[in-house]
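Structure incoming, see below.
As written, the chains take the letters A, B, C and D, and residue 1 is the first residue of each chain.
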Amino acid sequence: MKKVAIIGASGYSGEELVGLLLAHPQVELVAVTSRQNAGQTLAQVFPRFANHPLAKTLLFSEPSAERLAGQAEIVFLALPHGVAAEYAAPLLKLGCRVIDLSADFRLRSAELYKDFYGREHPAPELLRQAVYGLSEIHRAAIKDARLVASPGCYPTSILLPIIPLSRAGLVKSTGIIADSLSGVSGAGRKAELDYLFVECNESVRPYAVPKHRHLSEIEQELSLAAGEQVTIQFTPHLIPVNRGILTTLYLAPEQHFGDAKSMQELAAKISDCYLNAYGQEPFVRLLDEKTLPDTKNVVGTNVIEIAWRLDGRTGRLVVMSAEDNLVKGASGQAVQSMNIMCGFSETTGLL
Amino acid sequence: MKKVAIIGASGYSGEELVGLLLAHPQVELVAVTSRQNAGQTLAQVFPRFANHPLAKTLLFSEPSAERLAGQAEIVFLALPHGVAAEYAAPLLKLGCRVIDLSADFRLRSAELYKDFYGREHPAPELLRQAVYGLSEIHRAAIKDARLVASPGCYPTSILLPIIPLSRAGLVKSTGIIADSLSGVSGAGRKAELDYLFVECNESVRPYAVPKHRHLSEIEQELSLAAGEQVTIQFTPHLIPVNRGILTTLYLAPEQHFGDAKSMQELAAKISDCYLNAYGQEPFVRLLDEKTLPDTKNVVGTNVIEIAWRLDGRTGRLVVMSAEDNLVKGASGQAVQSMNIMCGFSETTGLL
Amino acid sequence: MKKVAIIGASGYSGEELVGLLLAHPQVELVAVTSRQNAGQTLAQVFPRFANHPLAKTLLFSEPSAERLAGQAEIVFLALPHGVAAEYAAPLLKLGCRVIDLSADFRLRSAELYKDFYGREHPAPELLRQAVYGLSEIHRAAIKDARLVASPGCYPTSILLPIIPLSRAGLVKSTGIIADSLSGVSGAGRKAELDYLFVECNESVRPYAVPKHRHLSEIEQELSLAAGEQVTIQFTPHLIPVNRGILTTLYLAPEQHFGDAKSMQELAAKISDCYLNAYGQEPFVRLLDEKTLPDTKNVVGTNVIEIAWRLDGRTGRLVVMSAEDNLVKGASGQAVQSMNIMCGFSETTGLL
Amino acid sequence: MKKVAIIGASGYSGEELVGLLLAHPQVELVAVTSRQNAGQTLAQVFPRFANHPLAKTLLFSEPSAERLAGQAEIVFLALPHGVAAEYAAPLLKLGCRVIDLSADFRLRSAELYKDFYGREHPAPELLRQAVYGLSEIHRAAIKDARLVASPGCYPTSILLPIIPLSRAGLVKSTGIIADSLSGVSGAGRKAELDYLFVECNESVRPYAVPKHRHLSEIEQELSLAAGEQVTIQFTPHLIPVNRGILTTLYLAPEQHFGDAKSMQELAAKISDCYLNAYGQEPFVRLLDEKTLPDTKNVVGTNVIEIAWRLDGRTGRLVVMSAEDNLVKGASGQAVQSMNIMCGFSETTGLL
């Protein structure tokens, strides 16, 4: 049993992570921290877990890198960006492996971080060793990583569908548009008027147009895949569901398809490309030509659904994905990374 | 008091129309028809209107063009496409003016109708005289129309934001993408599994990708505005709200804006364009640079909200709109057309 | 045109009241106050009203009894309890008539206030002159009132169904149980974790069991109607809708109904009782024996629906009501009181 | 690995049961039947399970007792009442053990069945051998049962809180009121207008007042516990959540509690009673005096939450419970029964 801990376990991602780790057969959750809940039991903070054997003995504590390093081999950080870095550095120094769910270590460039997050990066020296924790793409690097930067929820829903196409040279790197719809848990557990039930229910709205912070990591990873600098258009929307992200991507195929035959050829290439990339992936579900993604089929699971359609009228490729923002988009893929790092079967605790 | 009637008043648009006409100070609702509800009072079919003076005396009847033509000067058709045309022809012959909320008379071309609706047009000879009832765009023609084809809900949310820009030559006619999110009432009051509460709640999904029927009227009207054939990309999504459409449009400005100055110039042109087009329109709300559309601010009203952002990173113009699919997207704008046709103040019964 | 003002117009009831008064044909809304929004226009605070003629000229101001008394004849207080009393006293002294939507003047006894609200009453000398603004019950007294205490949302849904039965001696004053379900707007526009979308959506929960504050006014009014001290059981629940209260009442008929005949007789008496009390009331909808209340049929209206069933198995009378907590349960009935006070037709601006 | 099958696996309870059995470590799901889905794979019918190893090989088949009896030792019936009995008889004859989720075998009396279900019982001879599958109450009898009648969702939420109090003589058998709120999945996957998203969202309504069918099994089991005939009042309400039942019970303690001391004594007895009954039960969560049930804390789990309050003002005991209607109220407790029948640990596959 590998010993693991979570710093900042009181948000929605943190709660989801607690649930996954409690149910995981090969790890023991030895510590959870939360400034606001320190001293309370797991059962008090999360009634949902109150029947778990640990619920009345596992106490939330004040976060302390020193103490946690003495207790756990792997430490998850489920903290706001900017705060996570403060804990990562000492934990790494003390020998822990760290899986950070914040944005702090996702970018390779401290300048880019400053541009998008509006502050100096708190630990730029760690950026080089951090591995972007998109398991299906960076599995080998994750295996030996000391510091994994788990991807954002929107980026996951955008990168997994595009990267194989991009690597295969099937789509252009220019003109990419990502239109995403997110459930309200994506905003975190914050007491703000904007996220009150009455303000979100029976409401649909775009936000952070046109420069959402997640653009930085999306473009970094797309550029890596394409071998050239990629700039995309991204519009997030808030919709009244608890969980789920639905992303619609507008892509331009490299190959023109002016008639039925060339369209069929291109379709075959795209189909092969996805099958090669994800046919054996346990957490990617490639939908058939009659099915479109629906968040209700992935919520509560670590699966991302992907479907695509060629549009003969416009010459575009439309790709759609659905995921649970708190699982595949956050805690689930963090556990997937942990499984890889520890040599466990990658699906352990996630099916 | 102008006498009006509704054929097919039992769906969601029909119910909304009943409400608007009951509250309208210059018309009298003299007949409502519905095959399934014939013989029942308004109060029985729609408890919501049960306290209205007419609620216990106005009976739903079987639809009959002859009888209705004897009772009403203006007849609204809130019927499925294909069925509306059956009633329009005799009603027009009998001297009624007709406002059709279905898709039957929105296209100028019977061939296009067949391509998108999969059947021969039932009354092609009427297509020439029908006026597309987008009040802000075709006000003059609506005034004298005998047959108004009230626009679809998605088209309204797409056309009103684009047409002024297109007419002014500010955006290209190519590469337009419309990504729309609609509440479930848009699917109509139909007992189908797909629209059950449990299937829609906590679900988000695209549908009808890539060739939704509304594309035909959208492209027809955009082509008219641009003076050339326009083909667009359109992706509708179903989201768990009762009402509301949020549309995000991706447009390419004709003018390149590579630096702050050219961006400012273009922004000024766009702002002027919208002010000229809609500054005096009572039902178009142009949002300022700090505000984005939110369906909750338009639901239950005949207003469409429009906001836009230039993206210096991608060179695109992103325009967003919000409307109530049952009001501005259907019954409200049908009443707006009626007001124009009757010489009433255009906002009567709609504010 | 009667001049009216609202102190504390930024909450949900306040917003609803603004909407009703803007649309009211016989009043002019001359001032709205809000500490947090002072200096902003109506359009900025409530985008929903942005197309109203006053939207850009009516500015939110800091609350000041002196200034408002110079502007308006009638002042609505939409403030938290405890705060409303501070404004009521000077406004009354300066000659205004006051309609208070808070709980401050609903009780006749300052001791009872202290027992339920946990603090000394801030203006006990005003309790004697306040009239409990349940229009259907206290219409005559409201007409000449200087200070109307508009009832709470739960009390309205409980009192209107019970009082006629109680006055007619048809039900016992003992053993009454009221089980109520309320939409989240009932909790107010407060940035608290408990009312976040994610905490309320897909959640149902009782709260304030067993001693909710509204019990005090409910029991006061039921005691008045019964002519004896009444104590009831009341359980409020929070459910994931924006608006609406559904109340189920369990009552013991005075008359035993052991067989079909006595049951029929009692049913006739109850039916007559309700018809006498509410048959002519524009805002009470008595449902027939095949229909049960549904909040969706009253939301956005000032109507309360009432249905009842005798249960031959248990000997009980079950009465159910549905209302919009922000309209009939708050702002709508406050406007109804205003109409009575001003001699307007009672339904003006409310149908 | 015990081989199990499900007849009627296409409804909401059936889908939940499929999920639980697929994840259960000690059973193998060898057959699922559904008239409408026969020939389709599990992956096609339930995309949610599409990544399970069986998803593409397990085909839905036409129901056939003979064939299933050759494949499985335990057969679950997730069919409408009236239909389940048709399969139970041959399956039992062929040696299978049967767990029926319908109402067909819950009553001991065929007359009572006819009174509440409006038809002759289809297999009255089986009623004597059926065991009511409320695990916490009838564990011993379930162990050896050939035919388990799994309780209804409402009954579970009502019986588990009352039975211990009733057995201990702490509450009266008369005057019991149960007020319940259910999510829409309780109505089943039926294409009916009443359960459309738009009809349920932003709606709250009682139904089946005053004689819901579940009363029959509730009263049967309460009578057994009390040792005398019990008649209760029960009001179900439909609320806009997918899952969850919240029940509020109004009970009269046998012992009067007029002062603080007697109230404390009674509270201690109730507390002890529940601890004795459920202190060791893995699926009953007794909440402390500061916490009230919330469906969001039990949805997706087999747990029922119970809280209670003595009301010194009214002399009543209010007990509240929350459960997931599809898990503890249906498929979860059916699996719990199976675990008992098979000698597995009772929590296997349910934690």
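Criterion: a residue touches a chain if its C-beta (ideal position, glycine included) is under 8 Å from a C-beta of that chain, and two chains touch if they have at least 3 such contacts.
Worth saying up front: this structure is predicted, and the values here are computed from it rather than measured.
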{"item": "Farthest chain relative to subunit B (centres taken as mean CA coordinates)", "value": "D"}
{"item": "Between the pairs B-C and A-C, the one where more C-beta pairs touch", "value": "A-C"}
{"item": "CA centroid of subunit A to CA centroid of subunit C, Å", "value": "46"}
{"item": "Whole-Å gap separating subunit A and subunit B, where each centre is the average of the chain's CA atoms", "value": "38"}
{"item": "Rounded Å distance, subunit B centre to subunit C centre (Cα mean)", "value": "37"}
{"item": "Subunit B residues counted as touching two or more neighbouring chains", "value": "199, 201-202, 240-242, 294, 296"}
{"item": "Contact footprint of subunit D on subunit A as seen in their complex", "value": "23, 47-48, 50-52, 202, 282-283, 285, 287, 291, 294, 296-298, 300-301, 303, 305, 351"}
{"item": "In the complex with subunit A, residue positions of subunit B that touch it", "value": "175, 177, 179, 181, 199, 201-207, 209-211, 231-233, 235, 237, 239-244, 246, 248, 250, 292-296, 299, 309-311, 313-314, 316, 318, 320, 322"}
{"item": "Of subunit D, residues touching subunit B in the complex", "value": "12, 184-185, 189-193, 195-202, 240-242"}
